[in-house]
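Two complexes come next, and they have one chain in common, chain A, joined by chain B in the first and chain C in the second.
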Partner chain A sequence: MSGRLVLAAALGAAVLAPLVAPTYQALLMLPFMAYAVALLGLNLLFGYTGLVSFGHALFLGIGAYTGAFLTSVFKVRSMEVILVAAAALGALVAAPVGALCVRYVKIYFGMLTLAFGMVFYTFVLKFYRLTGGDEGMPFLRPALLGRSLEGLSKIDYLVGPYYYYSLAVLVLATLVMWRIVRSPFGLCLKTIRDNPTKAETLGIGVARYRWYAFVISAVYAAVGGALLGPPTGNVDPTLAYWTQSGNIVFMTLLGGFASFFGPVLGAFVFIYLQDWVMSIVPFWRLIFGAILAVIVIFAPGGLAGLLTPRPAAAPRP
Partner chain B sequence: MTAHVVNLVVSGVFHASILFLVSAGLQVVFGVQKIFNLACGSFYALGAYVGVSAVAWYAEAGGPPALFILPLAIAGVAAGALGVVVERGLLRFVYDRDETFQLLLTFAVVLMMEDAIRMTWGTSPRSTAGLYLTYGGVHVLGTTVPVYNLIVIGASLAIAVLIGWLLTHTAFGCIIRASADNREMAEALGVDMRRLYAKVFTLGTALGTLGGALVIPATAAMSEMGIELIVEAFAVVVIGGLGSMRGAFVGALIVGVLRSIAISVYPELEMLLIYLIVIAVLVLRPRGLFGGAPA
Partner chain C sequence: MILRAEGLRKLYGEVCALDGVSLAIDAGEFVSIIGPNGAGKSTLINVLTGVLRPTAGAVTFKDRDVSGLGPARLARLGIARSFQLVQIFPDLTVLETLQAAVVSRLGRGTRLFASLAADREVQEGAIDVAELFGLGEKRHVPAKQLPQGDKKLLDVASAFALRPELILLDEPTSGVSTADKTTIMESLVSASKRIGVRAIIQVEHDMDIVFAYSDRIIALHEGRVLADGPPAAIEADRRVVDTVVGRRARAG
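Moving on to the complex of A and B:
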């Protein structure tokens, strides 16, 4: 019951944040919400299916570049169209990539996803005539629900309509993911994670279910990637680099992969802590690396694992 | 035309020599400890910076320029001592964990080392002024090849032979191979795994730092060089086969030479081509060219 209270309080705070919090803090909510969407998907693969992708930045990149291409090349400014196109392209790429990747587990799965991620990264980096290379591409201000909103200043747009739009996408993504993990399909994924042999004997098509999870997680990552674009107004290849894939796995672990809301918490703590640390010292990686090491060694359940007193039914991914 | 080909091959093989050293470090750690060490690229970067400092110090102390390679190599190997710190200080806590956590712990080392290097040496690239051409060049088929490249290629070959001899002709190598094959059995026969892991990880680290130190007269040291090299070393070990030294050798040659050809023929393809090969190998032959059974 207290879980629902916490959730309601968190949602209430998120709704009120642009009205009461300083603008800067409210702006930081935007990348948080974008990453939270992507991480909900990543965790379907990591926490629920037991596959750790080290190349998911690929799908963040696909989502972000879809938005950049649509707004700046094809003059399509509707955010709904962008999100649907990002999801569709994410699924389109994830279908063959996933089909190859899910034939392996553990380290080989991680390596293959990393390789695909790097193919995409080098592609956007090297074909600069198409993608702008390392300078990236502009992601022009998208119209929300058919309203162009060009009259607003950038800040008013971001902490106003765009903020609530992102929040709505996050809530919707959370509800859908909640349904997915509670469904028989979600149970099958957990069975596959805990005991693939048993799952196979029970008649679950292990490879097929892993593939579904892969494609769904890619769609989430692509939607999250598309949401990342408008706050900066620019999309560049670092978004798809392998360290970015590492960072999003880090966020998931930080929050706790064994819990449904763990990754969302992880994204929140990561974004705000990173901003705070960077305001004090420029060397955030040193501190974050140390935090990651401490979590891996002493608290593999992440923050959610520390907050919940009962012994975490911690799955081994 | 022949001059162009010679240039391509020499620069490709030079890069392959460096790649081999780093990949060999990756392989020996993976072979024995079954940990895919993402930090080996960071060790390479560390070796590069330590090498720059050592050479600068040596030049200031007035050492003869012709012998700069000695302090360079010594500094490179000595920087490998960090390996024992990382192994004893961090990695030993996660040996009984899932390999995902081991991988993430090495990623934590990557993050920490990138900034530790920035804190120590600053953010601007550091290079060894002019040492690259100390040894001059030799004329081969109408082109000039820097002698330094040939020295590094020779050193890398010698190290490859040395590692081969170490693995097949010494008691230590025998223990390494036995532990890689069957850890429990090796332990039951009295191998002290704690010491072995510390030694193997330090050896792996020293190979990476030496690679970094040797590359430094040819290119400037940059803080991102580690995270860039690790993805190439990753390609090498996947193509060659995880855990195999012969695989690291052949894989490094393939990646090094292909990269050099791609850069000259169609630069856009540079790394793209290599990752496409990696994917093809993983899909068609996940063990790589020389690897054991896939896990």
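Moving on to the complex of A and C:
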């Protein structure tokens, strides 16, 4: 089956899921779609530029808290405004953070991003009056395309309009990222991933391009973070904790960072597998740790690498 | 005068790799830099191309002081280079590698939403250079799968795809077979004429190549210029024969 057919089938299944799948399974699609948006951005940095961030929960948190502030403090309920504000704030924070981080590579880059993530986590945890501390902040039900939808029950809202809204955002984010990685800019990022020294001598300003990729990936993560808020109706600091950053790196590795759709596949498998394993055993992290070890050792191309006949191109660790 | 270096010094701790090197390159020249191992040849190329900052001295390119500018800015100004140890983008194909150089030359690297595949100027520019260097048949082959000679050729070809005014080649034929050496040199000479490269500087150990292609030879020894002149004068220079050329002169 060609890639396009697989994509069409996946999209068709996603469209039909709320109509044919049990409600609980359809609800699980919501965090999947939110993480998938964030992972499209993370993989621009990871798979296409060769930089592994261990602090992207910072931007998930910024997106989610932006929505919480706007809906519960500023009484702004438009989801479109929330998404634009989350993207703008993500870019605003990513600009100086990225400018510092992209001066370093490999473990130093990873640790710096982790450090900034922990600074944000501590901020939202300790500034109780502003953020609600460990209790978090309510993310009130947003209006979609100008419709308040207050008359719907929460479940009907989530598996109905909000589900399709999230799917539309994911499709749009995918199309934009597809365009970016196939642009001259995307090619320049790949040269930097493969050989920054050579890229520099071809006139490609490595630090500048890494910074662009960092900011774009932060925008995607912030939009993903904003989408995560409405299903739970509450945003708390665990969303910005380092284990979240670890989870999204895990999802990327699980799906395969050398493939465009690998991280999206990784997010899907992670969400459903986590739910299933958690329902069977309490020690799900143990199982996931073992899965991660198996993937790194035996399938560095991730699930997408196993499904694709061609060997995956991978940035050297 | 296209390039001038004056009083270049480069210290690595207490080791002096370049000790007051001055040189001038005119348009139309093919200049070879020779010298024994440790003479400072690669350091000189790295300083001239902005990979290393000189400890002292100045570099001017077309009467503009370019001392301390990084390689990316120098590349955009018209100075390109290839490396002694072959530098490729392993997971990119031959065509993608050359496209990256063309994209950079045309200043289109920040086009986020433009289609690379639909950019005819980039596509044709890359194919032209691939054909020029005999890589047209292999344009869809990932660089890491090329034989060593072709990797070297691709490294050189990507520098030419920038259409530079000045190109610096650090041992363009090192690590390749004798047959490949000739192919590489013939390709780069013909590409230079076609593309309009105004001057070439190469570091080279193979004296047959040096004397066959150079208009002028600069001999370095212990970080200093030992001699600077046309091939015949260099071959007749006893100091150069004793320290660098040696056997070739005696054989000749």
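The rule is simple: the second predicted complex is superposed on the first by the 315 of 317 C-alpha atoms of A that agree within 3 Å, B and C clash if a C-alpha of one lies under 4 Å from a C-alpha of the other, contacts with A are read in each partner's own complex, and residues count from 1 in each chain.
Note that in this section contacts are C-beta pairs under 8 Å (C-beta built on N, C-alpha and C of every residue); 3 or more make two chains touch, one makes a residue touch a chain.
Owing to the predicted nature of the structure, the values given are computational and were not obtained by experimental measurement.
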item: Partner chain in contact with A:Leu7 - chain B first, chain C second, else both or neither; value: neither
item: First (chain B), second (chain C), both or neither touched by A:Val171; value: neither
item: Contacts of A:Leu307 with chain B and chain C, given as first, second, both or neither; value: neither
item: Which of chain B and chain C A:Ala95 touches, first, second, both or neither; value: neither
item: Which of chain B and chain C A:Pro184 touches, first, second, both or neither; value: second
item: First, second, both or neither for A:Leu145, with chain B first and chain C second; value: neither
item: Comparison of chain B and chain C by chain A residues contacted; value: B
item: First (chain B), second (chain C), both or neither touched by A:Thr201; value: second
item: Chain B versus chain C as contact partner of A:Ala293, first or second or both or neither; value: first
item: Common interface residues of chain A - those touching chain B in one complex and chain C in the other; value: none
item: Interface residues, chain A side, partner chain B - complex; value: 52, 54, 100, 103-104, 106-108, 110-112, 114-116, 118-119, 122-123, 126-127, 242-243, 246, 249-250, 253, 282-286, 288-290, 292-293, 296-297, 300, 316-317
item: Sites on chain B touched by chain A in the complex; value: 36, 38, 90, 93-94, 97-101, 103-105, 107-116, 118-119, 227, 231, 234-235, 238, 242, 267-272, 275-276, 278-279, 282-283, 286, 294-295
item: Residue ranges of chain A in contact with chain C within the complex; value: 176, 179-180, 182-188, 190-191, 193-195, 197-206, 209, 212, 313-314
item: Chain A partner contacts - residues on chain C that touch it in the complex; value: 49, 51, 70-73, 75-76, 80-81, 83, 87-92, 96-97, 99-101, 103-105, 108-117, 119, 122, 142, 155, 158-159, 162
